[in-house]
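Each chain carries a letter (A, B and C) given by its place in the written order, and its residues are counted from 1.
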Amino acid sequence: MLRLAKIWRIVRRIVREPLGALGLGLVVLVVLSALFADVLASYPPTKLSPADRFAPASFQHLLGTDHIGRDLFSRVLYGGRIALSIALGATGASLVIGIMLGLIAGYGPRWLDNILLLVFDALKSFPTVILALTLVTITGPSLMSVVLVVVLVSVPGYARIIRTQTLVLKSAEHVMAARSMGAGSARILTVHILPNVIGPILILASMDIPVVVAIEAGLSFLGMGVRPPTPSWGSILNDGFANIRDSYWIVVAGGLPIILTTLGFTFLGETLRDLFDPRLKGRV
Amino acid sequence: MTVLDIRDLSVDFATESGALQALRKVSMSVPENRIVGVVGESGCGKSTLINAILGLLADNGEVTSGEILFEGTHDLTTLAGTAMRDLRGQKIATVFQDPMGALNPVLSVGRQMRDIQYRSNLSRREKDARSIEMLRKVRIPDAEQRLVQFPHEFSGGMKQRIAIAMALMMEPSLLIADEPTTALDATLEVTIIELLKELQQQIGCSVLFISHHLGVIAELCDEMIVMYAGEVVESGTTRDVFHNARHPYTRKLLACDPARLTHRARRLPTIPGTLPDLRNRPEGCVFQARCELADATCSRMPPDEEIAPGHLARCWHTEASVMIGAGA
Amino acid sequence: MLRYALKRLGLGIIIVSVAMMMLFAMVYVIPGDPASVALGPRATQEMVESLRARMGLDQPIWIQFARFYMSAFRGDLGTEVLSGRPVLTVVLEQLPFTLTLIAGAISWSVLLGIPLGCIAAVKRGGFVDRVIGVLSVAVIAVPSFVIAIYSLLIFAVALQWLPAIGAGEPGNVISQLRHLILPSLAVGLGWVGYIARIVRASMLETLEASHIRTARAFGLTDRRITYSYALRIAVLPTITLLGVGIGHMLSSSVFAEIVFARPGIGKLVYEAISVRNYPIVTGAVLVTTVFFVVVNVIADIVIGALDPRVRASFD
């Protein structure tokens, strides 16, 4: 009960900001429509109906149909499931790896720190999409490749922040005190350092969710992400792009959910950051 | 003629926890061709006073009463933006405390000195010549070559001399010097003070010299005022205030000046207590909480008691106060 | 200044070397033999063997690696297997198209972003500031390829104001500029937001600086203080930001080039990948990475030249 009350208080503070309210509203909309996709969708997302090819929006097909007669509204709903689960899974994986590498770099020996920093810098020096394309060529287009790309792209950022904070905390008084009383490295890292670095990184990660959604949609748009016929917003865009001159509603159906989701999470993330961690404000 | 005449000036700042009264009924004047010192601890309202004179109070600051008469005619508290701006730099010039930050880091010194002459009709070459002349006056060697250099290429003392050169370039009638030597070391301080005095006599301007360094005030100033918590508690000629201080705060301040200690003190004396909260000013005397002479009368606003012609102290006990401090 | 520049350059070289090492490792783990992949399923064993020898694939891994390194530093990125043309030539042919696109994107972002950030700072807290703030966040959030597709749909397909496909007739500058507008806007729009935000923030910080108070005390006009004294400092972070941004713009240009069917590095890589033309892929990745690192080194050196303080901190 206590936790619920606390969450409620936070929600009320978010909603008081117009931008926060809009962001939260959009996020709730996207999450609910993904969760209840099977209830809301009137057609299975992969069901072909050649008779209804290229049908514009109507009451039967709220967003119209695509080049092989699939209902776009249903595909958008199910595409939300893919987008959100990849966003959560990939961000979670990057967080775990980033935190571990950051702690190692910050707490471990100097030479290891230097090597890791170089690796992070080098990873960051590849243009994201070109790195992603190269990787997908190696692993083949799949859900896991998308996750791998996200991890490679976002781990350096998280790790660097964790590293800096760890370096600061390493010489902080309470950590020195714990060490002088014989606490081992593992204990110091998990009990004294990790809880202090995790807050800001979680907010940053929440702000990275739109980036992950964009990476998934972008790779799927290029045909390098989620494999057809699995519905993905990016592959809807791909289907629509080929027919953009005659059937504009397909790209509209593919693009709108991407815009709403990225805007929603960004507005929410910005509000959260301003409310809870004004220190991060300068970061662009 | 008085160059600057401030009467009953009060300034409030709006803060989240209510109005903060930064200046209360401040009256003072700067006569022509004189150097007037302002002393007081940090937080006594010196900076607010300067900003009020320059019309540069922060957005949440407001003049609630009084006037600032400049050269007898303009009331600076009511002057519109452009008219005020025309006085700044032209008639009223300022040297600020921090020489490191006072100059724009990405513009050359010459460019900045040329820019402040923007009202003059001189050609670019003539303006530069004027800048060089001023740099020579403040004894910057190789002035011509140094005009193209950037602020970081000068030492702190040089930067302060450049700031003085800039301030005096337009031959203002009032120079405000806001702790111009505080950030410098002692030997530099002496040269800057001597330079200021020399240039003041050359140009014939008045100077409002803010400092918390009593020795500098004694050395340089003809008259002085003592500020405490946004009020002028004592004012008069430097001689009067130093030798016949009558406000308990002034007496304690003088007693605490390390330069004036006659015997070797084991610990430097301090004034017990802290500044009052300016959001809830005490009724009556502002110093009463820290004053050993405080009694029931002090809860009423004290008058500006005239000790001698031109020597005022805002206190009920100007007679008894001679007992306080080192002079006792 | 020279020492500062050399230090930045040294760091850049190290980063490129590490990136090359990773690239080599990535290519090495590609399943399937590049030679047989390149020749297709009907190639004979002999043909594959001879191609392997020509590509140096029959050597031990460390020799392959050393060769890759040495030749890359000589500017030799190998030859495209089928046409036999040097990879570097093929990649460099496409580079100007991508650079034009990025230059266009930078123009949009600087020409719109700096004034917007400046206005927001001057009108801080007001309605205009809030609108600019929300718009900046919005254009940052929406992915560039969605902007590309939607702007194509609206301005090229529906309104037919601007051309949809290609980079314009060679030699016809007007046509090339018309073809540049939409793709460069798609790549640069997000950066309008980034730049507006950073200029606003650094402008607000700069306006608080004591030298601005000095300038006020000397009676300089607000206009000159804001747009000359403060802006000159406030725009400095945009240079660093754009240095990083060019990497992102390279990424976005892949989409813009595909959506608008423009020639360029992105399109080259995309097409090379779909036919598994690996030498082109590695070559292009290497060239873009070097380009990106060089740009960052230049950005840092430019910052050092514009801001005497940065230079001083390195001397």
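We take it that contacts are C-beta pairs under 8 Å (C-beta built on N, C-alpha and C of every residue); 3 or more make two chains touch, one makes a residue touch a chain.
The structure presented is a predicted model; accordingly, all values stated were derived computationally and were not measured.
Q: Grab the C-alpha centre of each chain and report whichever is closest to the global C-alpha centre.
A: Given all protein C-alpha atoms shown, the central chain works out to be C.
Q: As a test of understanding: of all chains, whose mean C-alpha position lies farthest from that of chain C?
A: Greatest centre separation from chain C goes to chain B.
Q: Averaging over Cα atoms per chain, report the distance between chain B and chain C in Å.
A: Measuring from centre to centre gives 53 Å for this pair.
Q: Just curious, how far off is chain C from chain A if you go by their C-alpha centres, in Å?
A: Measuring from centre to centre gives 23 Å for this pair.
Q: In whole angstrom, how far does the Cα centroid of chain A sit from the Cα centroid of chain B?
A: Spacing between the chain centres: roughly 57 Å.
Q: Note which residues of chain C are touching chain A in the complex, please.
A: That would be residues 14-16, 18-19, 21-23, 26-27, 29-31, 134, 137-138, 140-143, 145-146, 149-150, 152-153, 157-158, 194, 197-198, 201, 241, 247-248, 250-252, 254-255, 258-259, 265-266, 269-270, 273, 276, 278, 281-282, 284-285, 288-289, 292-293, 296 of chain C.
Q: Okay, in this complex, where on chain B does chain C touch?
A: Of all residues in chain B, those touching chain C are 54, 56, 85-90, 93-94, 96, 98, 101-107, 115-116, 118-119, 150-153, 163, 166.
Q: Over in the complex, which chain A residues touch chain C? Could you list them?
A: Within the complex, chain A touches chain C at residues 19, 118-119, 121-131, 133-138, 210, 213-214, 217-218, 221-222, 224, 237, 241, 244-245, 248, 251-252, 255, 258-259, 262-263, 265-267, 270, 282, 284.
Q: Would you tell me which residues of chain C are touching chain B in their complex?
A: Going by the criterion above, the answer is residues 209-221, 224, 229, 232-233, 236, 306-309, 312.
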